[in-house]
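Quick notes on the structure that follows.
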Amino acid sequence: MRIDLNSDLGESLGAWTMGDDAAMLSIVSSANVACGFHAGDAAGILQTLRAAAARGVAVGAHVAYPDLAGFGRRNMDVASADLQADVIYQIGALQGLAKVAGTRVRYVKPHGALYNTIAHDRPQAGDVIAAIRAIDPTLVLVALAGAPLVNWAREAGLTVVSEAFADRAYTPEGTLVSRREKGAVLHDAQAVAARMLRLAREGVVEAIDGSSVRVQADSICVHGDSPGAVAMAREVRAVLEQAGVAVQAFAA
Amino acid sequence: MRIDLNSDLGESLGAWTMGDDAAMLSIVSSANVACGFHAGDAAGILQTLRAAAARGVAVGAHVAYPDLAGFGRRNMDVASADLQADVIYQIGALQGLAKVAGTRVRYVKPHGALYNTIAHDRPQAGDVIAAIRAIDPTLVLVALAGAPLVNWAREAGLTVVSEAFADRAYTPEGTLVSRREKGAVLHDAQAVAARMLRLAREGVVEAIDGSSVRVQADSICVHGDSPGAVAMAREVRAVLEQAGVAVQAFAA
Amino acid sequence: MRIDLNSDLGESLGAWTMGDDAAMLSIVSSANVACGFHAGDAAGILQTLRAAAARGVAVGAHVAYPDLAGFGRRNMDVASADLQADVIYQIGALQGLAKVAGTRVRYVKPHGALYNTIAHDRPQAGDVIAAIRAIDPTLVLVALAGAPLVNWAREAGLTVVSEAFADRAYTPEGTLVSRREKGAVLHDAQAVAARMLRLAREGVVEAIDGSSVRVQADSICVHGDSPGAVAMAREVRAVLEQAGVAVQAFAA
Amino acid sequence: MRIDLNSDLGESLGAWTMGDDAAMLSIVSSANVACGFHAGDAAGILQTLRAAAARGVAVGAHVAYPDLAGFGRRNMDVASADLQADVIYQIGALQGLAKVAGTRVRYVKPHGALYNTIAHDRPQAGDVIAAIRAIDPTLVLVALAGAPLVNWAREAGLTVVSEAFADRAYTPEGTLVSRREKGAVLHDAQAVAARMLRLAREGVVEAIDGSSVRVQADSICVHGDSPGAVAMAREVRAVLEQAGVAVQAFAA
């Protein structure tokens, strides 16, 4: 039995540091690496890619809207031709840096507002799918478990990996509880780790109302943007491994 | 007998148009395509790449300093790690877009201040050379004829194509007359075309003092940023072809 | 009888030119000057401000979302604190440049997607209103005639000037026909000028269905982004003046 | 007896945090606030300005080259018209935000590479001086003690405040030891505080060779970009005050 752990990395920008990439690369099996549109400068991205290569961590393109000031978290009504070309540009840039770092881009995981939007918005989802197919149809798309995007992308011929979020509460319908709701974000590392173990073993998480809900996920997203987040990610990995669940990239 | 004609393309940005890419793609054999750092948005770049592919025009990466406001024309004291990674990032991004457009990047021609600086500045030249070698050592470097960069790059194992500038006056030493000097820029399309024909045939141009100077060039840079520039480029091509000099990309 | 003519100016960016500011400043009475977020670099803005000052044209801040690549035409879900501060920042920057140019900022006209959004979106409208009130409550807000924004801003204590669009068709309800509809944009300069004369005299325009609709406007927006647009603007002014309608800034 | 303490603040950018502005505002008497060109987003700048106003800390414009990726630390060969307008734009933007925050901009302290360049480069110094004079000739310029800029600005009619750097070694000639030299940066908070006390009292610092050198400074620059830096700044203030030297803004 095995599952993937992924995290957002390479998000420093020039003089500004974000997260502890070195620590996270000792925990996760897949690194979603910023491509310069919401975060990441080329030299910092290259450094993270080299560290990922050295650790044997799989690399994905964390593509985003062009919005450094908003960290890619603001919805943007980007025209179809722009969105497609922007995604191709970002993947290409990361492919170039990855090659130099001795690794290659295996998957694409959209970031922030783009991630949330394409989970259910057909036109923008179509643009991201078209961009991936155009540059390399063997790239895997990482998508929110249970979102319409999963089927849209599969119907278009892409391989899709569904992911769960370690520190988020789920509704009885298997969707994420909105961050605006109380209890949406979980803070107890041990409880989170136990939930993820159950997810890996049974494909089930306990919903916010106490019921059990099926969540089909091949990857678990963990965060590394605070010391507490790193500790939680480490706990998730430890509990999984102690129970005999291998932490392993979906992209071989 | 043959020679290459190259021009800077893909330099529009969102709502701002620059140059007449369609016209220039019917004249030149090589297109130096902006990579987003001094000019070019991804969708516009992709459009130019598709047009270049349709025309059979060879594509090069017109890499630059990160300076949209200054159009890459301002010297910048970029740290070595940044410059190398920035160049790789730009080439990678263009490679991704080029693949989607059905073509591929054959060469690298630095733009503006970066072009001028690395012609003679050893450290920055070394960074650009290292970046090209790291991402793809078969990429050709286009450099100013007679500049120290030509040998530096060849010694590092790169293939270098030297270029002359159609509309620029030369010193008796074979270097460009500074734009600050009177007579540095030539405006008579027929005279320019005749000069370039002599260059292609004899490897010689008439210097600003009337002497003849040897300029070894495999490519001629023409501009397309005004209707007059397009007309001059067209005249250069016509005169070359009428004299039996084939206009053909150096990168097959 | 008098009316104001306004136009978007200062929208060049570094090496990229947009519009013919000099020509438009001989036609309009109010200049909506870009503030660097959707267009405009500081030196170019300053040049336009100096020309406006020399011509006696009133100056307004053409504030926008931070989106050069999209020219401020893309909707962005900007957080309240960011939108307020971004608007203040832009107005302040233009005030500084205007002072140096020997003039001052009299009004604010949001640009593009921000203009369209706040016409009817209460939260973002509230942020723009709050920003204007905070930096200078005597600044006039230019808003779409008939939009909810007009009353929201007046209720908050701002002076509002409503504007009509010279080259746009109107619905029988007095709103703009969407650009996606056929006939939304008018191209006949004489017809446009005649419409604007009627608007100035009677407060009425002919709607797209042939009916007459009341449009209360103290200013008319004309464009200058093409030679045809400049010619149309010139015709509007000429027809107004020949009929005895003075073209005069609302902001004295 | 009194002296000013200044520090660089407002340098966070969207999701990226830099420094501990709250802590530093309890230590310094003058805040050099980023203006968005090398660091700072409008909302974060406004927050820092409000905190400075609440603390009674004087505010200055920390103007810079347009270079977020390089944090304004890279030399840029900016044309005169651009540099002047860029400086005016930044001061204006900060004036607007400062007014909303209930304070106002009292001085200008150029940042990073611009600071170092204008200390001795006549053309760029002239541009910065011209920009300040154009927008508000009563703004004080903070400059490196002993640099040619001090006199150039005074000759142009500006009020200049010279500053020393708390954590930097000085040459026997009273200039800063280059950061590339060993011993250029001092790390012992108590020793630094003692040095600054001597500077405040006697106008003398001990140079790197052990000699005493006269440094005329009305302000001391302290850093806040790490917990150690904050502690050092606090120590400097404490030692000054214990010795009866009032820490007080030069700009009343």
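Should a chain be cited, it is by its letter among A, B, C and D, assigned in written order, with residues numbered from 1 in that chain.
One rule holds in what follows: contacts are C-beta pairs under 8 Å (C-beta built on N, C-alpha and C of every residue); 3 or more make two chains touch, one makes a residue touch a chain.
These figures come from a predicted structure and were not determined experimentally.
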Between B-C and A-B, the pair with more C-beta contacts: A-B
Same vs different contact residues, chain A with chain D, by half of numbers used: same
Centre-of-Cα separation between chain C and chain A, whole angstrom: 42
Chain centre separation (chain B, chain C; CA means) in Å: 41
Residue list for chain B, restricted to those that touch at least two other chains: 41, 69-70, 79, 82
Chain contact topology (line, ring, star, complete or other): complete
Touch list for chain B against partner chain D, complex: 66-67, 69-70, 74-79, 82, 113
Touching residues on chain A, where the partner in the complex is chain B: 36, 41-43, 45-46, 79, 81-82, 84-86, 88-97, 99-100, 134-135
Contact footprint of chain C on chain B as seen in their complex: 12-18, 39, 41, 68-71, 73
